[in-house]
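Each of the two complexes below includes chain A, the first together with chain B, the second together with chain C.
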Partner chain A sequence: MSVLPTSAPAEEPAHVWGKKLEPYLLVLPAMLILAFFFAGPAIYNIALAFQELSLFDLGREGRWVGFDNFAEVLTDPSTGQSLINTTVWLTVVTVVLRLVLGLGLALLLNATVFSRWKLGWLVRSLILVPWVTPPVVAVAAWKWLLDARYGVVNQFLVGIGAIEQGIPFLARTSTVWGAIETMLIWRELPFVVITILAALQSIPSELREAARIDGANEFQIQTRIVLPLLKPVLAVITLLTTIWTFNNFVYVWLATRGGPGDYTQVLATQMYTTSFVDYRMGAGAAVGVVMSLIMFAFALIYFFVIFREK
Partner chain B sequence: MASIELKNLRKSFGAFDVIKGIDLRIEKGEFMVFVGPSGCGKSTLLRLISGLEDITSGDMIFDGKRVNAVAPAKRGIAMVFQSYALYPHMSVYDNMAFGLTLERGHSKEDIRRRVEKAADMLQIRPYLDRLPKQLSGGQRQRVAIGRAITRDPKVFLFDEPLSNLDAALRVATRIEIARLHADMDQVTMVYVTHDQVEAMTLADRICVLRDGLIEQVGTPLELYEHPASLFVAGFIGSPKMNFLTGPKVEAYGCATLGIRGEHMTIRPDGIWEGTVIHAENLGSDAYVYLDMGEAEPVVVRVDGTATVKSGEVLRVSPLQERLHRFDAAGRPIR
Partner chain C sequence: MANQSINSHPVRDLVTVVLGVGLLLILAFPFIWVVLISFRPESEIFTRTFQLITTFTLDNYAMLLEGSPFPTYLRNSLVVCTVATIVAVVISMVTAYGFSRNRRFRGRQTLLIMVIATQLFPFVILITPLYATFFSLGMINNPLALVISYIAVNLPFCIYMLLGYLDTIPRDLDDAARIDGATTLQIIFRVILPVAWPGIVTVAVYAFVSAWDEFLFALTLMTSDENKTVPVGLAGFFGEYTTQWNLVMAASVVSTLPTLIIFMFLQRKLVSDLSAGAVKT
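Entry: the complex of A and B
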């Protein structure tokens, strides 16, 4: 015997639909802004990457060339060099140094001795100064500091007898990456310090006390209690700083414009020169797409590795 | 097992004196409870015993040896914190084994045996592989106690260990701690609480603190029956002792007369009269709050079956032998 419904299900009243729609309506403004300022340009950039189009023809449709732009970009030896520069010299070196220095400084600022010191708040505030300096101003100031003839750094080194004449730090292949990395780390380090410091301060003091009673010395407390508890925040900092730095254009462009020669060319500056110096919008867009895909793959692998345990 | 002796112990934070000179001896295997209102210095005193705070002046002596400068881990103590203080990234097993892994001379097998023994005592063996966040509040507190047991301490310190638990769990864990003390009668236990019921039910002796000084030390019954001050009389016992002043007490030759709710009876020929403000029926007993013209209502304990209405005028009489007389300085007149 089958059981049949005796009546059709009642229609849901309007206020139930209103309730269901409410969350979508609440996220709509943010979604519209994202679509307009992010998704739109991103999709346009992807479309451009499959066209041959001069900067002067922008606004008109270019010639569709399939994967030609990608083939050209990926087989160009200078792209390989830019990728190595971007990955190793710009990103890995500065992210690792920022994490090590940031962790060290945060631990120092969080130390009991330091927090009892009356001027502790002043030092914590001063740490933020580079972070509030616009990158353009920071690079300009550093270029002056590193100037071969008038720069304070060279004057100091000559003064103490370390060198006989000023070194053009940004024009020599042996020093240029070190100089760019110094500028970047100086400007971006406070973010790492402050974020780790906030995480450190959220670790309850009872955990350190329990560890002291358990017999842990200061080094064991840091390595076996504090560091494992910082792991989530260190993971997020690593992810964010890697993506921000890999895509960064400002430091290299303002400091050297990719020079001397192409020595410090990174993917972001290559994308810019291809698009706005060589006027080849399609090829430039293809560099941008390649960069996005690399970072997307990095983020996926990173999340897989970091959150595998959970 | 260790005896603890505090000699003229003082602790200041900057210009602020928290512990103002304390002399106390805690015997081997004794369960001593520090009790007092917020800010009286009881937790600071426990932290001084643990070594987590430095002593400003005076002596801390364990088994006849001065330990003022001895690190917490070297004092042979274990501590249970109010917030449990379990390491969130370690499993229950690793939390309990952590202290032993830091000490030299323990094989993995020895550590496992000791952790499992403590886990069995507290019935937490099924949770050894879990993380603290996967446990309930009561289970976490048992793990914290288990971590302390694993270290086989001479002195067990408890800092308000039941404060974060709900009422039912508090009673259950209190019983568990009392049982633990019975099982580990060689271990000296020092317990801090602001809850005088915990103090009364757990302690061999209670130390009542007030403003960084000891107000009275004694067994729970001594404190209940012979309070050394108005403060102790008001702090120990629930509901607290009633205090009468003014013309009613002139005949007794004192400034304040203390009488507990359970030591008064409602009777038609009672010597004092009061109007019922409110009555709380707890089933077995009921507490009747009377307005007798004092600063605070006078509480009388009656049988749970008694029916009392608000606004009713009642007469009460105290048990004469249970009256406590205090002078103007709050000291008892014996």
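Entry: the complex of A and C
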């Protein structure tokens, strides 16, 4: 920035100072809100993690206990279980399935026939249905669909003779993760499909034509030309959905409350349960710190990918 | 076009369309099924065999709106989400303008990176400290706590999205207004706002829908029944012990209506804006 001549400060008109200050004044309100809402609580959360504080003692100073909360959280065998549940069953499985299904569906829907037959509106309307459904409604709908007696899924399976009587999908350890993952993938798949479709439609058709003229078949075009061009979008979708899903609370909480037993407990539900069901705010905050450390590693990868691409 | 002659094989076209639309119908089915069930009498909801068409009734909706606390939830949600959306849009408009029109003030890059990084913040870990903070401020069960939370959570995306949009608006507009003696705030709200409305609509819809869908903050900060929002109230209908399925179905349809209506009218625009905005980072 240019430095104003120091020899003549008196001549510097007031509006120059106003001009220099203006950008700060404009962005200040938002920055204050973000600082109070994110930075403040995040620091307070770290402090809480070193205290023992009951929900009923809020407003009073907690008892400082050093690393006790962390020692407890990290040695508790159920934490290991929630960590595996969160990373593998909640996040990795659903992110991979969303990418595979999303890519497949997007490639299918990108076929020129949909625009030639003027079916774009139908495709958009149908794909939007799960996306406009609030997550709570998604869980309600699937709980009903998966009901052991009255649910359509069981009625269908019994009808075709695959099973003899209805399965209570959410109450059995063998099926409960599949059921939760189905709810989550159903609600969150459209975002992936729509984002990949947008990227596909930005690929110039001349590229495909040129490859076809050079004798490439449809499969070669998809794998050698289209897929490499989608790589940046796929990388970003992967990291965004990973972060969103890792922190997700609502699907597991509403589908099973972490049950049967602790079988589907994830870090987010464990944190909530510790703070608001067991009333142990300090231990709950410690779970939060562990989660944010893991997330921090994810965020680093995210920015690494973004900046390498730019 | 050459494209057409190479690509169109009637049989392959038909197979593609049938497959694509078929898959999409399967994808849409769970919600369509909820809508169908919501118009059934309670006695016919619990059938052991699959029935597509049954007696039509509005009883479930009548019970939902007259015999349950759902109207209160609905009012709470509408108030909280509308206020949070308006404030978030106004603040992010001013902020985005500040970033867009001042390209090189000290700290700009750092602040922008912070705004983007906040989008990746694990909100869920905020819930324990925020509860403690709002508790000591006496704001548990105060809708304002929820309004503040939704503003803060939505600000980063709104700022980022609007910044991209304002950058496309030529600065000649600002300069002309400034020569006429307009202040910066006047320029933002009288000159830029009318031109920027397509971007504002997208941002407002995003803020409203994500507040409308939000569950965890509402669950934790609003504990008394008269302050609950739609998602938490609806979740109460399928509690741990009993489930009033007829109410759940009708409430599910009503809870989805606002987003459904918004997206029906603006589908083409929103679909491209929101998907592009999310990945642009």
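Basically, the second predicted complex is superposed on the first by the 273 of 310 C-alpha atoms of A that agree within 3 Å, B and C clash if a C-alpha of one lies under 4 Å from a C-alpha of the other, contacts with A are read in each partner's own complex, and residues count from 1 in each chain.
Convention: a residue touches a chain if its C-beta (ideal position, glycine included) is under 8 Å from a C-beta of that chain, and two chains touch if they have at least 3 such contacts.
Note that the structure is predicted; figures quoted are calculated from it, not measured.
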Which superposed partner A:Gln220 touches (first chain B, second chain C, both, neither): first
Partner chain(s) touched by A:Leu128 [first = chain B, second = chain C, both, neither]: second
Touched partner set for A:Leu99, first chain B, second chain C, both or neither: neither
Dominant contact partner of chain A by residue count, chain C or chain B: C
Partner chain in contact with A:Leu74 - chain B first, chain C second, else both or neither: neither
Contacts of A:Leu157 with chain B and chain C, given as first, second, both or neither: neither
Touched partner set for A:Arg212, first chain B, second chain C, both or neither: both
Partner chain in contact with A:Val137 - chain B first, chain C second, else both or neither: second
Partner chain(s) touched by A:Ala171 [first = chain B, second = chain C, both, neither]: neither
Which of chain B and chain C A:Pro228 touches, first, second, both or neither: first
Footprint overlap on chain A, where chain B in one structure and chain C in the other make contact: 209, 212
Complex interface listing, chain A residues touching chain B: 204, 206-207, 209-216, 220, 224-225, 228-229, 231
Chain A to chain C touching residues, read off their complex: 1, 20, 22-27, 29-31, 33-34, 36-38, 40-42, 44-45, 48, 53, 58-59, 105, 108-109, 111-114, 116-117, 119, 121-138, 140-145, 149-150, 152, 155-156, 159, 186, 189-191, 194-195, 197-199, 205, 209, 212, 233, 236-237, 240, 243, 246-250, 253-254, 257, 268, 271-272, 275-276, 281, 284-285, 288-289, 291-292, 295, 298-299, 302-303, 306
Contact set on chain C toward chain A in their complex: 2-4, 6-8, 13, 16-17, 19-21, 23-25, 27-28, 30-34, 37, 45-50, 91-92, 94-95, 97-99, 101-102, 104-106, 108, 111, 114-115, 117-118, 120-133, 135-136, 148-149, 151-153, 155-156, 159, 184, 209, 212-213, 215-216, 220, 230-231, 234-235, 238, 240, 243, 245, 248-249, 252, 255-256, 259-260, 263-264, 267-268, 271-272, 275-276, 278-279, 281
Complex contacts: residues of chain B adjacent to chain A: 50, 52, 71-73, 77-79, 81, 83, 85-89, 98-99, 102-103, 147, 151
